[in-house]
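In the two complexes that follow, chain A is the common piece, with chain B as its partner first and chain C second.
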Partner chain A sequence: MSTFVAALLNSLDIGMLLFVIASGLTIVFGVLGVLNFAHGALYMLGAYFALTAVRWIELPFWAALVIVPFAVAILAAAVERLALRRIYARHPTQALLLTFAFLLILNDAVRMIWGPGYQIIDPPRALTGTFVLAGAVYPLYSLFVIASGAAVGLAVWLLFSRTLIGKRIRAAALDRDMALAVGIDVPRLYTLVFAFGAWLAAFGGALAAPMRALGPAMGDRIIIESFIIVVIGGLGSFPGALLGALILGALHGFGGRWFPQFDIVWPYVGMALVLLLRPHGLLGRSA
Partner chain B sequence: MQRARLLFAMLAALLLAAAPAAAQEKQPIRIGAIYILSGAFATYGEFARNGIQLAVDEINESGGILGRPVAFMMEDSQGKANVAIQAARKLVFQENVDLLMGLDSSGVANGIAPVVPELQRPFLITHAASPDVTGKLCNKWLFRNSVNVNQNMKAAALVAKELDARRWTTIGPDYAFGHQSWEFFQKYLKAEKPDVEFMAETAFPKFGAEDFTPFINAVIAAKPDGVLISEWGGDLVNFVRQANNLGFFDQDFELLMTLGAATEVLYALGDQMPEGKWVGTRYWFLGKDTPRNKAFVEAYHKRFGNYPSYNAQNAYAGVYTFKAAIEKADTVEPERVIEAMSGLEVEAPIGTYTIRREDHQALVDGFWGVTKASGDYPIRILEPMRVFAAADITPPPEETGCNLQQTAEQ
Partner chain C sequence: MTGRGAARRVTLLALLAVLAAWPWLAPYFAIFLMTEILILGLFAASFNLLFGYTGLLSFGHAAYFGTGAYVAALLLRDMAPPFLAVLAAAAVGAAVVALVIGWFSVRLTEVYFAMLTLAFGMMVYALVHQWRGLTGGSDGVAGFPLTAPLPGVAVNIADPVNYYYLTLILVAVSAYVLHRITVSPFGLILRSLRENSERASFAGVPVRRYRLAAFVVSGLFSGLAGALFAPFNRIAVPEMAHWTQSAEPVLMTILGGSQYFFGPFLGAGVFLLLRQWITSYTQEWMFFLGVILAFLVVFLPRGLLGLFDRWLGGRS
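Moving on to the complex of A and B:
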């Protein structure tokens, strides 16, 4: 029983963190039609900004967790205004190349600023230690990660379904020209959505920092998992990101526990099956 | 900054190369170095650069080698064999380097080994631990001055022999290094202590797994007496933190972390590295009381602000290995240099080592110890520490699958 509970908690821990990050990727794609290669680099930036805030500015971790994602979002907004905006009209591969360029630039910038070595952040004092659930001993901080992921997911869902800005974003995603025609400021909305995607990536980075070693190119692994999630769940689908992330979390949590030798292969098998059987993803709409 | 330095070094080398023929004798001896300079493992290339830089500056300040200055240039392997092969060809055929060194990954080392003879330059591996490059893939151009998997695992078995643990399991990265570590550990420990048992339940998370909790839970649930951990670098940092959170280190079993005493890991973890655990490394900066080692540690610390990692020492010693070989051969002519390197004795911070004739593996000592907090150092130190003499941990040449001696005689 306790091993099952531990595997379940692992699945949720891995899944909810990936959900926060992947939801940013899928929202940006759903609205802007841009597959942001630099999304993993924004996650990395979130972690490194948190490191700077905690270690050098000596802010408490909580403050860093609130401030850092906004700092990265502002940076992303500037990138959207100065660069990305110019190429929406062109072929999608150009946006892919541009964001890939940002990925390379950010990876090298991080190495030059923070150095190539490994660094860590301690979890906040209130969240160090473990709790026991049905015989399974589990880190308190992981519970916080699961709760944060759920809270962010709920907030994003409310934002899209219950607020005016959410309706406008959905309108712009469905039909950009029509949205423009009814007087929605679509370019501003795009900046906002891109920045929000970056906010989610950076929040994921800051949230992950007390559990994982910081190192240059740490985002490269995350972006691959995020892509897999988005493909499984359906490109551009927000509930799809949740489903995809939970599936991937379970593949690692349960698969890693009982079939560790296949841990590398599960996500790709899952993705291949979805692509073969439901090319638009489990919850995706056909284009 | 680093780029600028590299550019400057290349520019300097170019200017020197363009000097008139009269200055022929004063042309620098050129070393080409291939390490990981970008991505998640860039820290290893950085250490190697520091070590080479220090050695080259020392040598140049004291008159160079055979009266000639030494210059070096670095190329990024990106941790990929095909990139490293291209880099090696570029260094030899375009930059005309006299000597090659480097390699941080066993995969890269195994990939490049068969290509080395076509380059016709001595190639000294200073990090990659794959047994194959001084085993079934060996050739007369290839050398290594760092501890390999066999040596480190033999030392691990000698530590494990004295521990009160009978049932062993492992956690290691899911590629050649993790699996070979476990394989050699079993082989050597079984020979030392026949009544040990090796569990079928082992954990091999993928390299760069980020999340080790499922694997840590599995090992705790399996209730072993001893665990061999061959995770390294950033993976080991992640592993130790998550293991701390899960109470892994408070469990009632013995632990051996085969590369736990790597300084980059100890610096990253600080107080989070548990005390009282056995950790190994390929060089420990407090491991030798010799004047040679003390001078190196002091010079390195003064210049770079931290204590030298094994990769820094190995690269530093690598440059001095070339120096000794060229002085012995009295020329930089490649065929003569490799002749001189075979059987060469080198005085280095890690100790005086001999490069074995049969397989070109250096007979270097192995370092293990128990982690302990110290008021004098910012990182965990080893106390007690055990230094294993090369002779006790290096398998005989017959076991390596390589005999260059024989091929030479035939």
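Moving on to the complex of A and C:
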């Protein structure tokens, strides 16, 4: 029982973190049609910004968690204005290539600024302990990650379904030209959505920082896993990102416990199967 | 056009002459560099048969490159047949893997195709990484002998100059074959699929079958490149099948120009020269590569050859 509970908590912990990150990827794709290869690098930037905020500026971790995603979002907005905006009209694979270039730049920029070694951040003092659930001993911080993921997910869902800006974004995603015609400032909305996607990635990075080692290639694994999640759930589908993240979390939490040797291959098998049987994902709209 | 065609032929012959005389012209280390440029140029050119000509962005081409590398390394380690037989077996092996993966992948297009090829590529990576009994896992396959090219041909290909010539001949022949394919009726149909696959399908072209054929040819030559690469490095490692290896031909092709047959070769040359040059100052050369790539995608989507073309007053 206790191993099952531990595996379940592990799945949720990984799954909710991946959900926060992957939801940013899927929202950007759904609205802009850009599959952002640099999304994992933005996650990494979130983690390293948090490191700097906590260790060098000596902010409390809570403050870093709030400020860091906005800093990364502002950076992303600038990049959207300067580069990404120029290629929306082109073939979608061009955006994949451009964002791949951002990935290369950010990976090495992090190596230059923070060094190639691994670094760690301590979790805030209030969350350093453990708790016991059905015999499984588990770090308190993981519970915080699960709760934060759920809270952010709920907030994003409310934003899209209940607010005017959310309605405008959905309108622009459905029909860009019609949205422009009824007076929605679509170019500004695109900047906003790209920045918001970066915000989610960076929030995930700052959130993950106290439980994962920070290294310059930490985003590479995350971007591949995020791709898998959004493909499984359906590219552009927000509930799909939740489903995909929970599936991937479960593959890690349970598969890692009982079939460790296949840990790296199952996600790819799942992604390939979904692409072949339901190319638009489990919860995606067929275009 | 005939003037341009003649100029192109003269340029090509001059280039071949320089490549043939390279071991006399260049310092010793440059022989290794040029061998690598030729091998990765072939890899990028075979990738571009799918990307530039057929309009499919594969992010899993390291699967065939890696298959070629491993088949070659394992054959040399366990059976040591003549080297050309090793290369042929490796290329065919990679083509078979491409046939299986391609059979599934050509059902999709655009980012879905890119993601599916990425997934399959990583499955191949996982396989060579986890199958320790055969592949040695993350240690790779090393310590294999380099055999004579053919029985009775006593050329020691462990000598870098001989290996360079072997590579040059095989890459030149492969490039010729690939070029013939791109200008053949088959190649023209591939281009029509890139431009408008729906219209091609209305005209009666079996779209998937043509895409699959291009996929397999591309995999075959990628496998040959991998089979040349592993003995060149004296080792086959799982990273040769990783998605970061798949990214290299993509970068090289964009750099050189995907609309041009020789774009991937030029891209491979510039890529490796830049790496050589920048890594002598800093380890973080990917940063500069990223800046260059971003600049090219935004301002010069036709690559370096597109830029030359414009300077020479060609197509706008």
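Simple rule for what comes next: the second predicted complex is superposed on the first by the 287 of 287 C-alpha atoms of A that agree within 3 Å, B and C clash if a C-alpha of one lies under 4 Å from a C-alpha of the other, contacts with A are read in each partner's own complex, and residues count from 1 in each chain.
One rule holds for everything that comes next: a contact is a pair of C-beta atoms (placed from the backbone, for glycine too) under 8 Å apart; a residue touches a chain by one contact, two chains touch by 3 or more.
Please read these numbers as outputs of a predicted model, since none were measured by experiment.
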Touched partner set for A:171, first chain B, second chain C, both or neither:
neither
Quick one: classify A:108 as touching chain B (first), chain C (second), both or neither.
both
Between chain B (first) and chain C (second), which does A:213 come into contact with in this model arrangement: first, second, both, or neither?
first
Return first, second, both or neither, reflecting whether A:138 touches chain B, chain C, both chains, or no partner chain.
first
Go through the superposed model and pick first if A:264 touches only chain B, second if only chain C, both, or neither.
both
After lining up the shared chain so the two structures overlap, which partner does A:150 touch, if you call chain B first and chain C second: first, second, both or neither?
neither
Is A:77 touching the first partner chain B, the second partner chain C, both, or neither of them?
neither
If I apply the document's touch criterion, which positions on chain A are contacted by chain B in one structure and by chain C in the other?
107-108, 111-112, 116, 220, 261, 264
Using the touch definition from the top, list the residues of chain B that touch chain A in their complex.
1-2, 38-40, 42-43, 45-46, 174, 203-206, 208-211, 213-215, 217-218, 221, 233-234, 237-238, 241-242, 245-247, 264-265, 267-270, 272
For the complex, give me every residue of chain A touching chain C.
35, 83, 86-87, 90, 92-94, 96-98, 100-109, 111-112, 116, 220, 224, 227-228, 231, 235, 261-262, 264-265, 268-269, 271-272, 275-276, 279
If we count contacts the way the header does, which residues on chain C are in touch with chain A in the complex?
57, 104, 107-108, 110-112, 114-116, 118-120, 122-123, 126-127, 129-130, 243-244, 247, 250, 254, 282-287, 289-291, 293-294, 297-298, 301
Within their complex, state which residues of chain A touch chain B.
3, 6-7, 10, 13-14, 107-108, 111-112, 115-120, 122, 128, 130, 136-139, 141-142, 211-213, 215-218, 220-222, 252-254, 256-257, 260-261, 263-264
